[in-house]
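First, the structure itself, so that you have it in front of you.
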Amino acid sequence: MKILIINGPNLNLLGKREPGVYGNESFESYLEKLISAFPQLEINYFQSNSEGAIIDKLHEVGFSTTGIILNAGAYTHTSLAIADAIASISTPVIEVHISNIYAREAVRHHSFIAKNCKGTICGFGLKSYRLALESFLTEN
Amino acid sequence: MKILIINGPNLNLLGKREPGVYGNESFESYLEKLISAFPQLEINYFQSNSEGAIIDKLHEVGFSTTGIILNAGAYTHTSLAIADAIASISTPVIEVHISNIYAREAVRHHSFIAKNCKGTICGFGLKSYRLALESFLTEN
Amino acid sequence: MKILIINGPNLNLLGKREPGVYGNESFESYLEKLISAFPQLEINYFQSNSEGAIIDKLHEVGFSTTGIILNAGAYTHTSLAIADAIASISTPVIEVHISNIYAREAVRHHSFIAKNCKGTICGFGLKSYRLALESFLTEN
Amino acid sequence: MKILIINGPNLNLLGKREPGVYGNESFESYLEKLISAFPQLEINYFQSNSEGAIIDKLHEVGFSTTGIILNAGAYTHTSLAIADAIASISTPVIEVHISNIYAREAVRHHSFIAKNCKGTICGFGLKSYRLALESFLTEN
Amino acid sequence: MKILIINGPNLNLLGKREPGVYGNESFESYLEKLISAFPQLEINYFQSNSEGAIIDKLHEVGFSTTGIILNAGAYTHTSLAIADAIASISTPVIEVHISNIYAREAVRHHSFIAKNCKGTICGFGLKSYRLALESFLTEN
Amino acid sequence: MKILIINGPNLNLLGKREPGVYGNESFESYLEKLISAFPQLEINYFQSNSEGAIIDKLHEVGFSTTGIILNAGAYTHTSLAIADAIASISTPVIEVHISNIYAREAVRHHSFIAKNCKGTICGFGLKSYRLALESFLTEN
Amino acid sequence: MKILIINGPNLNLLGKREPGVYGNESFESYLEKLISAFPQLEINYFQSNSEGAIIDKLHEVGFSTTGIILNAGAYTHTSLAIADAIASISTPVIEVHISNIYAREAVRHHSFIAKNCKGTICGFGLKSYRLALESFLTEN
Amino acid sequence: MKILIINGPNLNLLGKREPGVYGNESFESYLEKLISAFPQLEINYFQSNSEGAIIDKLHEVGFSTTGIILNAGAYTHTSLAIADAIASISTPVIEVHISNIYAREAVRHHSFIAKNCKGTICGFGLKSYRLALESFLTEN
Amino acid sequence: MKILIINGPNLNLLGKREPGVYGNESFESYLEKLISAFPQLEINYFQSNSEGAIIDKLHEVGFSTTGIILNAGAYTHTSLAIADAIASISTPVIEVHISNIYAREAVRHHSFIAKNCKGTICGFGLKSYRLALESFLTEN
Amino acid sequence: MKILIINGPNLNLLGKREPGVYGNESFESYLEKLISAFPQLEINYFQSNSEGAIIDKLHEVGFSTTGIILNAGAYTHTSLAIADAIASISTPVIEVHISNIYAREAVRHHSFIAKNCKGTICGFGLKSYRLALESFLTEN
Amino acid sequence: MKILIINGPNLNLLGKREPGVYGNESFESYLEKLISAFPQLEINYFQSNSEGAIIDKLHEVGFSTTGIILNAGAYTHTSLAIADAIASISTPVIEVHISNIYAREAVRHHSFIAKNCKGTICGFGLKSYRLALESFLTEN
Amino acid sequence: MKILIINGPNLNLLGKREPGVYGNESFESYLEKLISAFPQLEINYFQSNSEGAIIDKLHEVGFSTTGIILNAGAYTHTSLAIADAIASISTPVIEVHISNIYAREAVRHHSFIAKNCKGTICGFGLKSYRLALESFLTEN
C-alpha cells in the first residue's frame, strides 16, 4: 500500500511560518513520526511551490499509487487546474488542511479541489495527515 | 473518556433515505460497530430533527463530556443558533458529514458551524465518524 | 386514499392574523368544508410551529400515506431540513400557499422545498388546498 | 364562462420536444380531453412563439373573457412586457407550468409574470391546466 | 423636419391601463394636441407590442427622418436588440417615459437603451413627449 | 401592566457563555434586579432554545399582554417564522440585544424581526432590557 | 413664477472642466441666455460644492418657490441626504444632467435623488436646463 | 453630567417634513420637555445639514463631554467619515433614530456608524432620545 | 447536405451598421462568396429582427435540415426562448459571432444559447460563418 | 507559415482523462492527422502544466511565428498572467476548447484570455483545432 | 515649485486618534520636519473635515500650483465629488494614506479617487507624505 | 543594506509590451540607473513568469535580505500563494506597480498581496521603484 503526501506552496516553511496558525514542527520531522506509526504503509512525500509541478506529480503517480493526501495550501482556493488534475487520475485523493480554514479569511472558505476529492479533513493541526492515513486502513 | 455523537435532521432515516447519497446502513447498526471498535471510549448517541433540542443537548453535555461529534445535517447550512451553542460550551466539537458536501448543491458548501468546531471531516461515508473518534485518541 | 394536510408556523392563527393577506376564515372551519367536499378521501390535518415537529411528522407518515399537502409557511423560505425530509420520504408532497408569494417581499420568492415537491399551487387563497386535493383525484 | 388558454414559445412542439421533461402528448390532443371534461366551459386556445403576439392576444381578450390560463414558457423568465400586459387587463390570469420549474436551472426559478397573476400552478404535467380550469369553477 | 414617435408594448392601452400610473388620456387624443402645438413639425406615430417590429421600424426610418422619440415601455429594461438598433442608425433617438421609472420597482431602474440615445426625459406624464419635441426645436 | 421578556437560543447560558461578549451575570440574577426596579410592572420571563416554542409563546401571550421584550439571539438573523409571528399578534414587541450586533460578524447585521418590531435597543449590555422596560412607561 | 436653478459640485468649473464631456460654455454665460429666453420667469441661481449647503438651500426655498431645477453633479450618486431634503420640501424638483449619465461609468447610472424628483432630463447638454424650464410652462 | 444631542441632515424640518414618518412635533419643542424631565443633566443641542460640521462638533466636544446622542439622519447610511470621527473621540456616542429604519427602504438598513457607537436605539419616535438619556443615568 | 444560416436582429444592416465593429460588407454579398466556395452544400439564408420568427424558423427546419448556423445577435444575450427552441429540435446548431463578444461590454459575455449549441465560433469577422460551414464537412 | 499549438494543464492526459468529456484519442495521435491534412503549414506543438512555462513559450515565439492556437485548459478561467502575455505579443492567438465550456460548470463560462485573442472556437471536439488552422488559411 | 498637502476628515486629530493605527505624532509637528527636509519646495497645508471645502480648495489651487498631495481620509471611499474635482483640475494629485488601507476593513479597499490621481502611496506611516514629495523631485 | 527587486510575469517584456501603458524603457536599462542613483544599497534583481519560482525566491531571501520590492504583475490579482509567501517571511515587502492599476480594468483593482506588504506605491511609471528604494533609506 503506497501513499503519497503532497504539500503545496509555503508548506516547506512549516515550523518557521506563522507558528500561531501552523505550529512549530517542521513537516519533515512530523513525517518521520508518521512513517514510524504506520509501518504497514509506504509513505512518500513531495512538496512544491509550483502549481504546474503539483499537477505533474499528480499525473505521474495518479494511476499507480494507492492514495494521495494533498494539502494544496493556497492553491486550494485558486487552482482549477489542480482540481482538474485530481478529476483526471484514478488514485483517490484526500484533501487535508492543518488549520481550520473556515475560521480564517473568507477567501479560504471555498475549495476548488474539494468536490473532486474523496473526502476532506481539516483543522486538526498536523494530526489531519494522520487521520487521512487512517482513512486508507479501515474498511468503514 | 466520554464521547457524544449527535446526529441532526433526517439522519434517523439513514439506510432508508437516498441510499445513493448516504448508503444502506442504519446509524444504529453502524454505532454498534463503533462501540466494539473503540472499547476504551464511552460512546453515547443522540438524534433529533429539532434545532432547539440539539442546542439543549449541546448545553447539557458541553461542560462535562470529553468530546462531541456532530453531524448537523441540513442545520449545518442554516443554523447560526447551533453555531452559537458550540461557541458557548467548553467541550470540543468535531463536525462530520457522510457525503462530500462540496460535491453537492451550492447551498451545502457553506457551514455555519465549521468555524466554531475544532475540525471537520467529510466525505468518507460512515467512516467519517470513525475518523472523528480516532482524532480524540492520538496526541498528534 | 389518505391525504395529510400539514400547516407550518403561524397558520394556526389563520383568520386572526393579517386578514388582508390571509382572509378571515380559520383553517379548521375550512377543513370541514374540504372533508365534506371530498368524501372519497380520508383527510387528516397537522399543524405545528416547530420545524423539527414537521420533519418528524413527514417521517412518520411519509412511507404509508397517499399524499401530503404542505403549506410550510415561513419555513418554505428558510428550511433546508424540511426540504431534505421531503426528499427522504416516498409519499409525494404538494406545496401550497394561500397568498401569491411572488407578489410579496423578495425573501418569499425563493422556496427551499419546491424542487423536492411534485408540484406547487399558490395564490388561490384557501382554494389552493382544494386544488391540491383535486390533483390526487384525476389521472391527467 | 369563456376561458382562453395561451401557450408561449416552443409549446407547439409538445410531445415532440424533450419528452423526458414535457411528456409525449401533443397539446392539441390534451385540449380535446379538457374540452370533454369541462362541458360547462367555452375553452379557446392560442399559441405563439412571439412575445408581441401574446401581448396582442392578452389585450384583445383581456377585458371580455372570464379567465386566462397562461403558460408563457421561456418568456415567463424574460418578459417584463407580458407581465405589464397582465397588469393592464381586467381578466384574471392563472400562470401554469407543465414541469416543476424549481427543479430545473436557476434562470427558471424567477417568474416576471407571477406577481401580476392571480395564482400559479406548476409541476403537475399537463394536469396543471386542468387544475387551473378547476380554479374557475369552485368558489373557495 | 420629420419626427417619428414610437411607442412600445402596452402603450396602446394608455388611458385604459393602470390610470393611477399612466393617466386617463389615450395617446391618440394626446397626439392630436401635439400636432396642433407644433405646426412646424411633421409628426408621425407608430406603436407595436413586438420587439422585432420596433427594430424594423427603427431601421426603416433611421437613416432619413430628423428625429425619433421612443418610449420603449417594458422593452426599455429587457431589449439589448433595440439598443443595438438605435446604435445602428444615424437618426438621433430621445428616450421618454411617462412615469418616473426610478420611483417604481427596481427592474425599471436600468435602461438598456439609454446609453445609445441622445438624451432621456422621464416622469412628466404625457408632457415628456412634448419636451422631447421641444428638444429638436432649440439650438441650445 | 404585564410585560413578558422572551430570551432565545443560548441566552440560558448567560454569565457562562463568552463573558467577553455577554458579561458575567446570569439573566435570572439580573431579572430580580429588574423586578425590584419596576414595582409597577408585572414582569414575566420565558427562555427557549427552540424557534417553534418561541412562536408558540408569542401566540399565547400576543393578544393579551401589554408588551413583549424579545432577544431572539441567533434566530434574529435566521427566523422569518418568528418575524411572521410578531406580525401576526397585536401586542407590541421590542427587539433587544445585549451586545452591539453591528460590531460583530456580518451575518449578525441583518435582523429578520426588526421591521415587525416597534423598536430596537442594542449594545447596552443587560441595560438594554431596562431601557426596553422604560419605553413602556413613558408617553413620549 | 420663481424658479431656482441649483448646481452641485464642480459645476462652477463648467467650460473649464473636461470640455469633451461638458462643453466649453460657462454656466453663468448660459444662464444669461436662459433669462433672456424666459422673460416670464424669475430665474435664480445657486451653486455649491457642499452637500450641506445644497440641503440648506433646498430647505430655505423649498416651501415658497415655484420650482427647483437641480443638477446635483456627483452628489446625485452618493447623497441620500439630498434625496431626503427633496422629499422633505413641497416645491417640485426637476433633476437635470448635462451629459448622458447612462453612457458613462456604472457608478453614475444610479441616482439617489431621482425617485423623489418630479422628473428627470438628461443628456441634452446645457439644453437640459432649458427643457426643465419649459416643463414648468406647459400644462401637459 | 453634560450630554450633547446632535441631529443631522433634514432633522431641522422635524414636525414639517413627512409627518407620517417623523411626527408633528418640532425637535426644539421636544427638547424643552427633555430638559425639564432630566434636571440632573446639562443637555445641549446641535443640528447641522453638513457632514463636515458634524465631524467638527464631534471633535470639539468628544474629549470633554459625558455623552453624545447622535441622530445622523441620512449620513448614518453614507458617512464613513462620521463613523471615523466617533472612533477618534473618547466620549461614548449613542445612535438614535426616530423611525424604525428596518421598516423602510433597504438603503436605510445599513449603518456606517453603529459599530463605533456604544449602542443603538431606534423606532420609538422622539422617545428614542429620552431612552438614550436614561442610558446615561443607570448603572446597569 | 442542407445548411441554413440564420441571422438575428440588426444583422440586415451589416455593412451599414457600426463598420468599426462589423466591417463594410453586406451579408448578402458575403453569402454569394460562401455559396461559390462550398458548391457541395445547399446553403439557405434567413434573417429576422423578431425573436418569435427565429423560433418559428428553427422549428420549421429543425427536424429535416443537416445543420444550422445561427448568429442570434443581441438575442444571444437575452433570449431563453431561442435557447429552448435549439434544445427542442434535432438539427445541430452552431453559434457564430462576427465580433469577439468577449472584447465588448459585459452584457455580451453571457450567451443563453451556447450551452444548447454544438459549438461556438466567434471573433473571425465574416470568416466565422465560413469556419462553421467547414465544421460540417470534416469528420474530425 | 508557422503555427504553434499550445496545450495547457491536463491536456497531456487526453484520451486517458474523462473520456466522456474529452474523447479517447491522444493529442499526439490527432496532431499527426493535422500535420498530414495541412502540408502547407509548419505545425509545432507545446504542452505544459505550468502557467509560467506557457507564458515563457508565448514570449519566445510571439514575435516571430505566424499564429498560435491556444487551449489553455483550466488556466483559461484563472490566469490573468497568460491573458497579459497574449496582449504583450504580436502574433495572433486563437483560443480553442475541445468541450463546450458553456455546457459545463459556471466557473468555466468565463475566459480571462478571450478578450485578447483574435477569436474563439469551442465545442467541436478535437476538430476545434482543425477549424483554428483553417482560419489562418482563408482570407475571409 | 509649490506643493499643497491636503488632509481630509479626522486627520486633524492625528497623534490623538487611534494611535495604534496612525501613530503619536501630530501632522503639524511632522510638517515642520518635511519643510526642513525639502528646502527647495514651497509646501503649504490645508485640512478640512468638509467634503465641499476640500473641493473648493482643489479648484482654488488646481490650475496654478505644481502638485497636490491628498490624504482624503474616509472621503477616499465615499466621495465621487472629490474624484470629479481631481479630474477637473490640471495640477497632478498624489493620493497618500498613512495606514495600509488594504489591511483594514473591506470598505477601505476601494478608492473613488485613485483612478484620477497620478499615483498612490500607502502604508508607510507619515513617511507616505515624504515619498510623495520625492516623487515631484525626480525625473524618473 | 541589501534590496531585492522581484518582477513578475510579462515584466521581462518591458519596453516591448504595450508601451502606451508601460513605457519604452527596458527594466534592465532602468535598473542600471537605479544602481547608480543608490550607491549605498546593494540592489539585486530577479524576474520570473512563474508563480512558484517567485515564491521560491521569496523564501530564499526572505529571512536575510533587508527589503524586497515586488511588482507581481498579473499575479497581484490572482495569487493567494504569493500573498501567503509574503506573510511567511520576515523581510518587509513593498508592492509596486508601474501603471495606475485603479485606472485600468476592474480585475486589476484588487490586490491579494497588498494586505501582507508594508506599503504600496503605484502609478509613477518606473519611478515607482525609485520611491520604494527611498522608503528604505529614510526613517520617517
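We just call them A, B, C, D, E, F, G, H, I, J, K and L in the order they show up, numbering each chain from 1.
Methods note: a residue touches a chain if its C-beta (ideal position, glycine included) is under 8 Å from a C-beta of that chain, and two chains touch if they have at least 3 such contacts.
Predicted, not measured: the structure shown is a model, and the values here were computed from it.
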{"item": "From the options G-K, A-B or F-H, the pair that copies B-C, where over half of the contact pairs coincide", "value": "G-K"}
{"item": "For chain F paired with chain I, centre-to-centre distance based on mean C-alpha positions, whole Å", "value": "62"}
{"item": "Geometric centre distance via CA averages, chain K-chain F, whole Å", "value": "46"}
{"item": "Mean-CA-position distance for chain G and chain C (Å)", "value": "54"}
{"item": "Sequence positions of chain H contacting 2 or more other chains", "value": "50-53, 78"}
{"item": "Contact pairs between chains, per stated definition", "value": "A-B, A-J, A-L, B-C, B-F, C-D, C-F, D-E, D-I, E-G, E-I, F-H, G-H, G-K, H-K, I-J, J-L, K-L"}
{"item": "Contact footprint of chain I on chain D as seen in their complex", "value": "8-10, 12-13, 16-18, 48-53, 73-75, 77-78, 107"}
{"item": "Parts of chain F lying in touch with chain H, wherever the complex brings them together", "value": "30, 33, 100, 102-103, 109-111, 114-128, 130-131, 134-135, 138-140"}
{"item": "Contact footprint of chain D on chain I as seen in their complex", "value": "50-53, 55-56, 59, 63, 78-81, 83-85, 87-89, 112"}
